[in-house]
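Note that chain A is present in both complexes that follow, paired respectively with chain B and with chain C.
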Partner chain A sequence: MSHQLGRVVSVILQRYFGENVQKVGDDLFTYGSKPIALLVKSTGLSRIKVVESLRTLLKYDLAMFEPTPNEVIADYRLIPENVLLMIRYPRYLLQIKTKYGSEAEILIEELLQKACSTATVLLVSIAVKYKDDKEKNMTIVKLKDIFISLITAGYIQQASVAELKEGSEIPTLVPVATITPEIDVRAVIKIMNSGNLAESSDNVYWKVNYDRFHQDIRDEIMIKAITRRIDENAGELLRHMLQHMYLTSPAWAAESTLVPAVELREACLRAAADKPLLNQYFDQYLKVLEESGCGTVRADAGGRGYSVRGAGAARGCLLALLEGLVTERLGYKAARIFRIILDKKYIEEDDVQKNAMLPNKECKELSYKLLEEHFISLQPMRKTASAGGMNKAVYLFHINLHDVAHTVQDMCYKALGNVLRRASHERAAHARLLDKQRRVRSIVHGMRLRAEPQQNIDDVEETLTPSELAVLQGVEKRLKQLSAAELEIDKNLFILKWYFMYTH
Partner chain B sequence: MAGRGRGRGGSGLSLTTEQIQALGVTRGDNAPPTLVPPPLFPKLEKKPLPLICDAATDYMLIVKDQFIEYLHESPAFVKVKTETDGVERYSDKYKMLALDAKQNKLLDCVWVNMPTELRPQAKRPRTVPRKRKLDDPEEIAKRLQTLEKKETLETDEAIDGKKKELNNENVDEEEELEDEHEQEYELDDGTDYANNYFDNGEDYEEEDDNLDDGPVY
Partner chain C sequence: MSSEDTKEKILNLARKSSKGITDKDIIAEIPGISSVELVTALNDLLKQERFDLFNQNGSLIYKLKTQTNKHAIKGADNEEKVVYNLIEEAGNKGIWIRDIRIRSNLANTQLTKVLKNLESKKVIKAVKCVNASKKKVYMLYNLEPDRSLTGGAWYQDQDFESEFVDVLNVQCHRFLSQRADNMRNNPRGPVFGRTQAYATATEVQKYITDLGISKVVLDVDDVTTILNTLVYDGKVEKSVFPDGSNVYRAIETLIPSSGLVQVPCGICPLIQRCNSSGLITPQVCNYMTEWLE
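Here is the complex of A and B:
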């Protein structure tokens, strides 16, 4: 719960839900949990605004509540992790689009927008939205099939169900196991035609299962890493291994149960047409994967089975991330020192100089810079039998990965906060121009639909002067860059979160 | 470390001269004192690598903007009361219309999953009066009997009148329930701590602008 995290959460809430929600979110972040009355007092907002903000936060699962001891009012608490996930939504959508096609993406997008919805409402609202779209051809039957397949694949799960205790006014949300539903298509179509959503008796609510998406992202990172490190065939081998792993082990296990080599070979044989080399040099690939896969894969003693080590992979990715970060911040020479220290675990300063092959002074300066930015730490070792009164001690450079990861996480939060703030500043500074552009666009769009003569359209478009257009272009470019940076930072945050899963 | 004086840094945060020397900083190495504050935006020593903007990133950016736009249009975006600068504008009317249209929309939530106080048309939670023991006629009868027994043990003269009264009550307790309450409190613990004065602080210093809240007492 760092200060930087609070800052990021605050700007994200402002960007997505406006200032009121931001105020309420800030207050909840600072004070932990609070009932409405106190929120009204400390935020200075009217009660109705606080209630609306809390509704928004609860709807999007960004906050939770628990009854106060008197069971009449509730204490609310922010969930900062979930606020951070909002940045990742576009990644989920892209992922599902590449894997299941654009219909699935539309489904997930609608569900993310609604946060929590019954199957009937979801299907009907999508079908109504794309009724006129001949290209996509969204029928309820098709949508239903995709919906069911997404549930089976685990991307959509059943939302928690409220249970009301006797004499209490605060429900408790109890998570339930997901059961694949039977959706009566005829009933859904009937509701769609009547246009009255209230008719449906469907009361099973669904929401997106972020964890499943994270598994996919994790797999993708691992396979990509191996592909880059070794080659495509090794990546393919790891993919097979992961597929087998999911059958027997929990998805986030630090070390999976053994995947028999025989099964892997069979899987590779089946895919032999695509990757003949993998089939041919199967044993060699397994060996290489184990030896230079950064601890991703481990073989058992006899070589009969292989296990995927999530923890090892996370550590490998973290190291790569740190090296990249040090290189970008302090240059490749500093990165070399960083690697040496990492390699030797504990090392004296003189030895660093010898190993890094750098001039004395430069090496010193860089290692102190590393120390200053908390990439490395200093471990004093007192010599016990010291002659004379002087305390002779040895100072060893050392890297405590867990601490460094925390430092980097804070850096990421800070950078993310800065990026978001800069973007909102940019938007505020050019609010009038952006607004004008939007209006001109909507007018032109309307005119095109009405098929008005080209000259009129040009006239409207010319209300934006060339100088304004130039400014707008600049702003758009900067905003785009900032948004892209957001996504990149989020990638790093994902790796860090993944690493923290295994170390405490 | 403060209590130990200087020169005994040891495991502390500050280092002694010898330790600093051991680290390789000699006396002459000290930088001259800086007289000007550091610049607000120091020059970057290393230029960051360019961001990779491929088609996938572009797509994600578009999706993200769409999502945010959706949220801004939806009632989830809680509007701030905008202060007018006193200048009437032609566009004000339309802005107000758009605003009103949004205000009337209600966020579409699963109300069952929300605390009662957040639901629309929710009554301000009032403290439920605690059920008193004596609401139950059987309890009253029992209580009276025990009192009766107690009184019979006391001296006869003083009780006579009271006994009759209590018996009467036993017969038609409905009528004199009110009376009974007072008496019971006196007998029970004699203070008014038993009353339920709980106030959850909801109504303290609060402007009541929620018209749906029903009557305020």
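Here is the complex of A and C:
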């Protein structure tokens, strides 16, 4: 829980939910957990507003509550990790679009916006929204099918159900196993036509399963890494291996159970058409994947089975990330020193210089810079006190990967916070113009619907002067760049989080 | 038997045994020699500086001096001889003036005079050490200084030639990258491809020599050092062939360089000083403004 994380969380809450939620969120972040009465006092907001904010936070799974020891009132707590996930929403959508098509994307988007919804409400609201859109041709039947397939694939799960325990006045949320539902399409269509959502008797709530998306992202990272390191065929082999892994092991296991080589071969045979080389040299690819795959895959002694090492892959990716960062910040020579220290575990300053093949002065300067930015640490080895002045301590350079990862995570938070802050600053600075543009657009849209003459529409559009348009274009471009940057930083945060899963 | 004959016999005996000879050895070799004759002969030889005298477990051992040794310090006085011996002992690693002083027990001024003397006679020379520029070491004039002193091919007059190293680094990487393409989708299988992608240090050395970019002759060890820097640059992977030789292969990083470093903050030197309010804030950050333009 760093100060920087608090900053990011605060800005995200402000962007998506406004100032009240931000205030409540900040307060919860600073104090850990708090009941409503104390929140009212410390935030200075009215009780109604605090309750509203908490409701929003709870609905989107950004906060949790638990009973205080007396079991009468509830303590609320913020979940900063989930707040950060809001940055990742565009990635989820892109991912689901490439896998299941644009209808699935719309479905997930709607569900993300609603946070938690019954199947009926979800389907009806989407169908109503796109009723007039002839291109997309959304029918309830089609949407239902996609909805069911997303549930089967695990992208959507049943939301936890509140249960009231005996002797307590605070309900607890109990996770429920997801069961694929039978959705009566006729009933849904009836509700849609009547337009009265209250008629629905559906009381099973659904929400998006982030973890499933993260698995996909993780797999993609691993496969891409292997493809870069070896080739496409090896990447394909790893894909098969991961698919088999999911059948028997927990998704985030540090080391999966063995995947039998025989099964893998069959899977590759089936996909032989577009990867003839993989099929032909199956055994060789397995061998190369194990030997040159940076610890992603490990064979058992007999070579009958292979296991995927999530922890190893995470470490490899983290190292690549750190090295990239050091290279960009301090140059490739510093990255060389970084790797030397990493390789030798503990090393003296002179030995670094010998291995790095750098001029003495430069090498020293870079080492100290690395030290200053907390990429490496110093371990003094004091000799036991003895007579004479020749009693110098030896200083060894060392890298504590876990600490460095934390440093970088903090840098990511800071950069993310800065980007978000800058974006909101841009928005605030041009608020008047953006607002005007929005109004003009909505007026024009209305006029088009009413089929008013083109002359009038042009008149309205011209209220935005060319200079204003130029400024707006600039702002839009900047905002776009900033949101692209958010996603990029989030990619790094993902790898860091993945690494922290295995080290504590 | 004349005294010359005796001396000759003793010398012959000494030449045969590298460990030196004792009185007993001589008596066994020349039976019937009187102790007076023996002592005169030995004293003569010692005077001519043909022997070094050692004391081992109470018995005296005579060891033949090497010929060069004998010639080099002709006409030198005792101090010079002692200093000369110390320097000779150090070989091509050289010996530091401080160590000479401690071991020879000579006063500082006297020692400097002796060293200057020897130097002017071109018997010894002073060599500057690369890892400590102020430290001078002495060694015999005809010796080639050790690598640890000169730093090998990478040093020119105690200056590290980083540009030279950089050029070699780039060339080695180019050579290995050309080979590495064999690995991808090799029609003869990945193991064959990988073997083709690997190169030994000897192969790289040959390539570098053929290029003719180096004025200095680089041996395999030099090239190995360069290859190791490439390994530490993360551009090359080191592996071992079944026959035990080290092989190298160009590789790509696991993940493309992106993310944090694409934002100015990722490479910003002021990231630690930046805050929500104050002089340095993201709202007014110049780096960010430039980046957004």
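Details
Rule of thumb we're sticking to: the second predicted complex is superposed on the first by the 476 of 504 C-alpha atoms of A that agree within 3 Å, B and C clash if a C-alpha of one lies under 4 Å from a C-alpha of the other, contacts with A are read in each partner's own complex, and residues count from 1 in each chain.
Everything below uses one rule, namely that a contact is a pair of C-beta atoms (placed from the backbone, for glycine too) under 8 Å apart; a residue touches a chain by one contact, two chains touch by 3 or more.
Since the model is a prediction, treat every value here as computed from it, not as a measurement.
Upon superposition of the two complexes on chain A, no clash is found between chain B and chain C, which fit side by side.
When the two structures are aligned on the shared chain, A:F65 is found in touch with chain B, with no touch to chain C. Within the superposed three-chain model, A:D231 lies in touch with chain C and out of touch with chain B [touch as defined at top].
Touch criterion met: A:A485 reaches chain B and chain C at once.
Angle at chain A between chain B and chain C, computed from CA centres in the superposed arrangement: 120 degrees, to the nearest 10. Of the two partner chains, neither chain B nor chain C is touched by A:R265.
Look at A:R212: by the touch rule set out above, it reaches neither chain B nor chain C. By the touch criterion defined above, A:T56 reaches chain B but does not reach chain C. In the superposition on chain A, A:E328 contacts both chain B and chain C.
Legend: residue contacts after superposition of the two complexes on their common chain; A:A356 is shown touching chain C, with no touch to chain B. After superposing the two complexes on their shared chain, the closest approach between C-alpha atoms of chain B and chain C is 5 Å.
Shared interface residues of chain A, touching chain B in one complex and chain C in the other, are 328-329, 481, 485, 488.
Chain C contributes residues 131, 154, 160, 162, 165, 183-185, 187, 189-192, 194, 225-226, 228-229, 231-234, 237, 251-263, 265-267, 271, 274, 276, 281-283, 285, 288, 291-292 to its touches with chain A in the complex. Residues of chain B touching chain A in their complex: 10-11, 16, 18-19, 22-24, 45-46, 48-49, 51, 53, 56-57, 59-61, 63-65, 67-68, 70-72, 74-80, 107-110, 112-118, 125, 127-128, 198, 200-202, 204-207, 209-210.
Of all residues in chain A, only 7, 221, 224-225, 228-234, 277, 280-281, 284-285, 287-288, 292, 294, 316-317, 319-321, 323-325, 327-329, 332, 335-337, 339-340, 343, 350, 355-360, 362, 408, 411-412, 414-415, 417-419, 421-422, 425, 477-478, 481-482, 485, 488-489, 491-492, 495 touch chain C in the complex they form. Listing the residues of chain A that touch chain B in their complex gives 15-21, 35-37, 40-41, 46-49, 51-56, 58-60, 65, 67, 70, 72-74, 89-91, 93-94, 109, 112-114, 116, 159-162, 169-171, 173, 205, 328-331, 349, 364, 380, 390-393, 395, 480-481, 483-485, 487-488.
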